[in-house]
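Next come two complexes, and both contain chain A; in the first it sits with chain B, in the second with chain C.
Presenting the complex of A and B:
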């Protein structure tokens, strides 16, 4: 049976340079990230190159894509959150296309690597802190001391709030990573069952029907998860940025 | 258009108008059942509340993340300050607290967005009803 983890291996395609003894390489992960960005740019360019009043199919897709994120940002953050629309749109598109690209056989799933999802999540949280302090100064830290809490238990509440805040990037990054990793492993394992069972002769071939059905069903589920996780990542980005903009809530 | 139609038919005969209003009623009933049938499949992909699977994963990860962060902070504190077991114990417990808080917040947020979605979805149907009946 093939190794279900083989698909997550990172290969060096071209060594680039080294700084202070740390080697920087162009890997398949980097290649796929470039492909993702290229796909997003190409799709959006093709959709809106010749805009028409009655949209073509591709233009409709682009409009739905845009409006979906637009409504999400407006609903969560309100009108003054629209400054962050380009950021949220980029994050959503990147994660969505990365997840969907991972559904192709033999393709590399960028978001199944914790370093990439963690980098995205940490970037979002650092942005939240930066925006919060820029907007509200040090008063933003009142987020950690809720209103109307007795002074006796305030240290506990503050500690819990701080841990809760710090757990956001962890849950944000781990959720996306865990979903993509687990989904792809399970898919691979069931597909592997089909191959190894059908090698056992006629009974094996009949026995392989069940894992084959599972693999088909799981593929559909994985498409749902791929979209859902991109959506959840984007909407939580909005929710956290909203905390930076309106810390009182 | 419809009131005009109705009055014209009404002039022609009472039974005719009755039949028409019955047909109208049937149609609105059919539209309502149809929209009710078509609405749910749209939900799961569109809202974070839609998929129960997504909800479960979200709540679980919120909780686990807080516990992990609490334990990590405690471990770091112990290493830096040399307060060996106590930092880990206390911050792990606080992490559990933060996990519960996270889950409560996340589920409230989901309930809120669900309520907002329901409020947004129902008025058009109600309006239709009022006009028809």
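Presenting the complex of A and C:
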């Protein structure tokens, strides 16, 4: 029970089928991803089902949500990046609701699994490469040869640029994964301190107030991190897509 | 058994790298605050850049956490 990694276990809810010896299962991760999508759809549908000029509370939440991502995409990518707004909005909403849903006790945090965040990050980078080559052809590869660099050190600069580009999907996926995993482990460890201290008798119960207060504070911090990581994931998606649209900068 | 002990020690050493990420994030937000106090009117426009920089610095620290987790669980 006190194992802090117990919360990240994946359970098979229903075995589905197997192709070429690979078994496909319906797991709790898949269930929570469906719940996340259902929550996003239900919230946005309820917010904009009966739009009014003076918005109700739910409608203004939906408007703030929409305008936040809208401004972010416009600021980073400019007017011609607005066609990627639905993608960025979907990624932001998915990560945000996944992180927030993970804050409920006994709920499964989808984004604390590296396979899910890595899939999102690799998808973003493949999209950047595809869009860049479709928009600019082979000229897109000038991204790796910045302007005004002396020809003598250009090979080294290009090598560094290529390495930094290739490390983007790794860092994009691992950042979200690491933040959510580490935060939830820390919360569980402090909760474990409370349990094991209060088992020591009356002095232990008074001593357990300190880790309990720490756990409360960390929970508040985790809500901040949950939002911040969704924001960071979305804005880095915008920054990377901007490289595909305007490679000159 | 000794290999297991070495793995645990290595995981602990790998986590020292997280300290570097902490220093980096602190430098970014500290310098952001210095700039924001000098020129408060320019501060809101640069807050996004501060967050991006902090996220990039933090990502490198997360790498060392991942190395520690790999050492512990593989």
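As a working rule, the second predicted complex is superposed on the first by the 248 of 249 C-alpha atoms of A that agree within 3 Å, B and C clash if a C-alpha of one lies under 4 Å from a C-alpha of the other, contacts with A are read in each partner's own complex, and residues count from 1 in each chain.
FYI, a contact is a pair of C-beta atoms (placed from the backbone, for glycine too) under 8 Å apart; a residue touches a chain by one contact, two chains touch by 3 or more.
Worth saying up front: this structure is predicted, and the values here are computed from it rather than measured.
**Student:** Of the two partner chains, chain B (first) and chain C (second), which one does A:135 touch, if any: first, second, both, or neither?
**Tutor:** Touch partners of A:135: none, neither chain B nor chain C.
**Student:** Tell me the contact category for A:175 with respect to chain B and chain C: first, second, both or neither.
**Tutor:** Both chain B and chain C are touched by A:175.
**Student:** Once the shared chain is lined up, is A:246 touching chain B (first), chain C (second), both, or neither of them?
**Tutor:** Neither: A:246 stays clear of chain B and chain C.
**Student:** Scan A:227 for contacts with chain B and chain C and give back first, second, both or neither.
**Tutor:** Once the two structures are laid over each other on A, A:227 reaches chain B alone.
**Student:** Once the structures are superposed on A, label A:70 by its partner contacts, choosing first (chain B), second (chain C), both or neither.
**Tutor:** neither
**Student:** State whether A:235 touches chain B only (first), chain C only (second), both chains, or neither.
**Tutor:** Both partners, chain B and chain C.
**Student:** On chain A, which partner's contacts cover more residues, chain B's or chain C's?
**Tutor:** So, of the two partners, B touches more residues of chain A.
**Student:** Do chain B and chain C touch any of the same residues on chain A, and if so, which?
**Tutor:** 75, 171, 174-175, 178-179, 228, 231-232, 235, 239
**Student:** Show me the residue ranges of chain A that touch chain B in the complex, using the header's touch definition.
**Tutor:** 75, 156, 159-161, 163-164, 166-168, 170-171, 174-175, 178-179, 224-225, 227-228, 231-232, 235, 239
**Student:** Of all residues in chain C, which touch chain A in the complex?
**Tutor:** 48, 51-52, 55-56, 58-60, 62-63, 65-66, 69
**Student:** Within the complex, which stretch of chain B touches chain A?
**Tutor:** 44-45, 48, 51, 53-54, 57-58, 61-62, 64-66, 68-70, 73, 91, 94-95, 97-99, 101-102, 105, 109, 116
**Student:** Which stretch or stretches of chain A touch chain C in the complex?
**Tutor:** Within the complex, chain A contacts chain C at residues 72, 75, 171-172, 174-175, 177-179, 181-182, 228, 231-232, 235-236, 239.
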